[in-house]
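In what comes next, subunit A is part of two complexes: it sits with subunit B in the first one and with subunit C in the second one.
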Partner chain A sequence: MVQTILSSIRKDFRVEFRGRYAINVSVAFAFITTLSISFATGGTAIRPAIQAIFLWVILFFSAMNSLSHVFTREEEESTALFLRLHSSAETVFLSKLLYNMAVFMFLEMLIVPLCVFFLSITVIQPVQFTITMLAGGIAITSATTIIAAIVSQSGGRGSLFTILSFPVTLPVLWVTIDATTRSITSGLIFSWNSVLFLGAFSMALLIVSYLLFPVIWDEG
Partner chain B sequence: MVYTLIMSIFYVLMPVSIVLAFLWAPPAEILGETSRILYFHVPVAWVAVLAFVISGISSLLYLWDRNNRFFILELKAYHAARMGLVFCVITVITGSMWAKASWGSYWNWDPRQSSIMVLFLIYVAYFSLYSAMRENSRRDVLASAYLVFAMVTVPFLVFVIPRIYPSLHPDPIINAQRKINMDPAMQLTLIFSMISFTLFFLYLYTLQLRAAILQRRIEERHHEKL
Partner chain C sequence: MVKQTYQVTADTIGKRFGNVVLFRNIHFSLVTGQSMAITGPNGSGKSTLLSITAKLATPDRGKVVYQRDQKIIGRRELFSHIGMVSPDIMPYRELTAIENIRFAFNTFTPAEDHVHDRMEALGLYSHRHKPVAQYSTGMLQRLKLLVATLGTPGILFLDEPGSNLDTTGKDIIYTYLDQVRPDIILCMATNESTEAGLCERSIYLGTDHS
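Entry: the complex of A and B
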């Protein structure tokens, strides 16, 4: 199973980086929005709370295209049937989930330095900041992978994915923005409850997604 | 039979609850007469959560029940979600009225206000998904899967988030000691009101299901004639 998951992730990366459509769109979106915000604020000092909001909103909307692409690509290129015959639903789900997590981490590695540079974010508590970014990324991908599968099966496209994902990821954004604010503001105490919440939320959604995926994936 | 029973008890209990809420229960200390909205706001919030849980459980049974042993589970899930959304709106409206009277503005981004709004958006998204799949033969399966997924977020939004962040909500019902620090008369009125609104929900829900079953039968007859 592990071998199949790894080969499936390798395949997804190869296919993605051959065309680079989804990643290119996400990176371009991140660059444009970060520069637009920096340009619009024109050197005005932005409060840490607002910086944290900008950072997570840019991350969320940049990732939206890439996260849904993992399943819609299989349907568009008519490879979903082959994938159904070749791998079990559980394997497909785990490989797509891990691929989405890797993509989100990749986007974080690009977007966080970009925001730190252009929005003048000063990280006061680097360990807490890094843990928040990781926990937030895992929570968002845990919430959106199953939604991407539902949207790809429903015949819906990008806008439907955002409409379905945004409310489910709102609690995550809410908690991560607060935790990020605390890690970039001097004098504020970091709350580990936020990380605990993100862990519990991810775990609950992952378990239910893992159990639901075969029903969504295997056509009745 | 069940429908008649629910209807009869509801017709007795609801007027009693209204009388108790406005005439018998004393006004709360500090909050005054505005506290009477408690007997309507808390029950509708409870009913909204109950409806979402019913929609999630019905969806779960629908996905599990491959041999169609249970009747119209997909319709039960859909209508429960619809009712939950309506009660969610009523919760937001009654909460906002009370917030205006107590805190000075209709919307304060209190954790409980925000979490009920997020819950509302999650179920609005469900109806977007449902309507986007009008021609899709797998609509019931996919929509049910989404409802089960949505149900998992409910405890986090209703119980966890409001406890992580400081809330402006009154302490007697929601507190760290997990005790109801409330006048016995107020407590009894609230219990009456909770039961009445639960019956009100069940009454409307069964009515909607009966209408939906009739509509399905008419459509089937129409198809048979064609």
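Entry: the complex of A and C
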């Protein structure tokens, strides 16, 4: 199974990066939004809490297009049946989940330095900041991969994905914004409970998604 | 190698879209070595019946049961025993033919020589490293046939297999089907009388829109 998951992830990367449509849109969105906020604030000092909100809002909405694309592309290009015939539902789910996690991490690597520079974020606790970024990314992709699979079976895919994902990821955004604020504000104590919550949230959603995915995929 | 015997039984299959009844009470049974053509005018539900038979779509009524050596095969295991060519099944356009084949057969890799021979026979060998997006519709159809038949499936579903193919392409398919037919179940949706003639039985779907 590991071999088929790796083969499937390799295939998704090849398909995505030869087209680069979704990634390019996400990166362009991140650049435009970050620069817009930077110009709009015009050098005014922004409180760390607001910086954290901006950072996660930019990350969340930039990633939305790429995270849903992994499933909607299969339906739009009629490759979903090809995939169904040649891969088990479990393989498809795990490979798409890992692919989405990798894409989110890739976007974080581009967007975080951009935001740190343009929004003048000072990272006080770099280890806690990095772990929050990783845990938040894993939690968001864990929650949204199954939603992408559901949405890909319907019409109005792109917009529906963001709308459906928002309430599910709201607790994650709430916790990650708070944890990020603490890691970029001097004098505040970082709470590891936030990371624990993100880990538990990811685990619970992953288990439920893994069990439900074959029903969604096989009946789609 | 011991030859495996497959059986597919469709029992009172029915499908409707809204108030339109595509077909109802379809019943047939096929065993290895038998072949069936599904014919009928456009919109009569040939492709839908083929998809339902391959368990890629669900009927509103009835069921399809698969057996291998008299043991029932579940839906998910079934996919490793069937090959299918359909306008609804596309390989990845961004990948080359070879990359598509490697992905499709990641657990069971057909011998390299066999792949090359089959590609040569279908006129695809010199195009094996081209992205599928650069293929003509005829080449794409040949690639679909290649992927569907490369794993020597026990059951083969073909939806308009000759569409977009030139005479040479059609001859290659018909010769191939003649060779493998005794060892497989062949089920084909077609409007071409030549293709339907390759099968020993046929079902005609009329236009019952009651």
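Observations, loosely collected:
Basically, the second predicted complex is superposed on the first by the 217 of 220 C-alpha atoms of A that agree within 3 Å, B and C clash if a C-alpha of one lies under 4 Å from a C-alpha of the other, contacts with A are read in each partner's own complex, and residues count from 1 in each chain.
What we mean here is this: contacts are C-beta pairs under 8 Å (C-beta built on N, C-alpha and C of every residue); 3 or more make two chains touch, one makes a residue touch a chain.
Computed from a predicted model, the values in this text were never measured in an experiment.
Contacts of A:Gly19 after superposition on the shared chain: subunit C is touched, whereas subunit B is not. In the overlay built on the shared chain, the residue A:Pro167 is in contact with subunit B alone; subunit C does not reach it. Residue by residue along subunit A, subunit B and subunit C are tallied for touches, and B comes out ahead. Within the superposed three-chain model, A:Thr4 lies in touch with subunit C and out of touch with subunit B [touch as defined at top].
In the superposed model, A:Ile216 lies in contact with subunit B only, and not with subunit C.
Of the two partner chains placed by superposition, only subunit C is touched by A:Arg84; subunit B is not.
In the superposition on chain A, contact is made by A:Val208 with subunit B only, not with subunit C. When the two complexes are laid over each other on chain A, subunit A has residues 219 in contact with both subunit B and subunit C.
Note for the complex: subunit A touches subunit C at residues 3-4, 7-8, 11, 14-15, 18-19, 77-79, 81-82, 84-86, 88-89, 214, 218-219. Residue ranges on subunit C touching subunit A, taken from their complex, read 56, 58, 75-76, 79, 82, 84, 86, 88-95, 99, 102-107, 131, 147.
Put simply, subunit A touches subunit B in their complex at residues 146-147, 150, 153-156, 160, 163-164, 166-168, 170-171, 174-175, 178, 191, 193-194, 197, 200-201, 204-205, 208-209, 212, 215-216, 219-220. Considering their complex, residues 63, 114-115, 118, 121-122, 124-125, 128-129, 132-133, 136, 138-139, 141-142, 145-146, 148-150, 152-153, 156-157, 160-161, 164-165 of subunit B touch subunit A.
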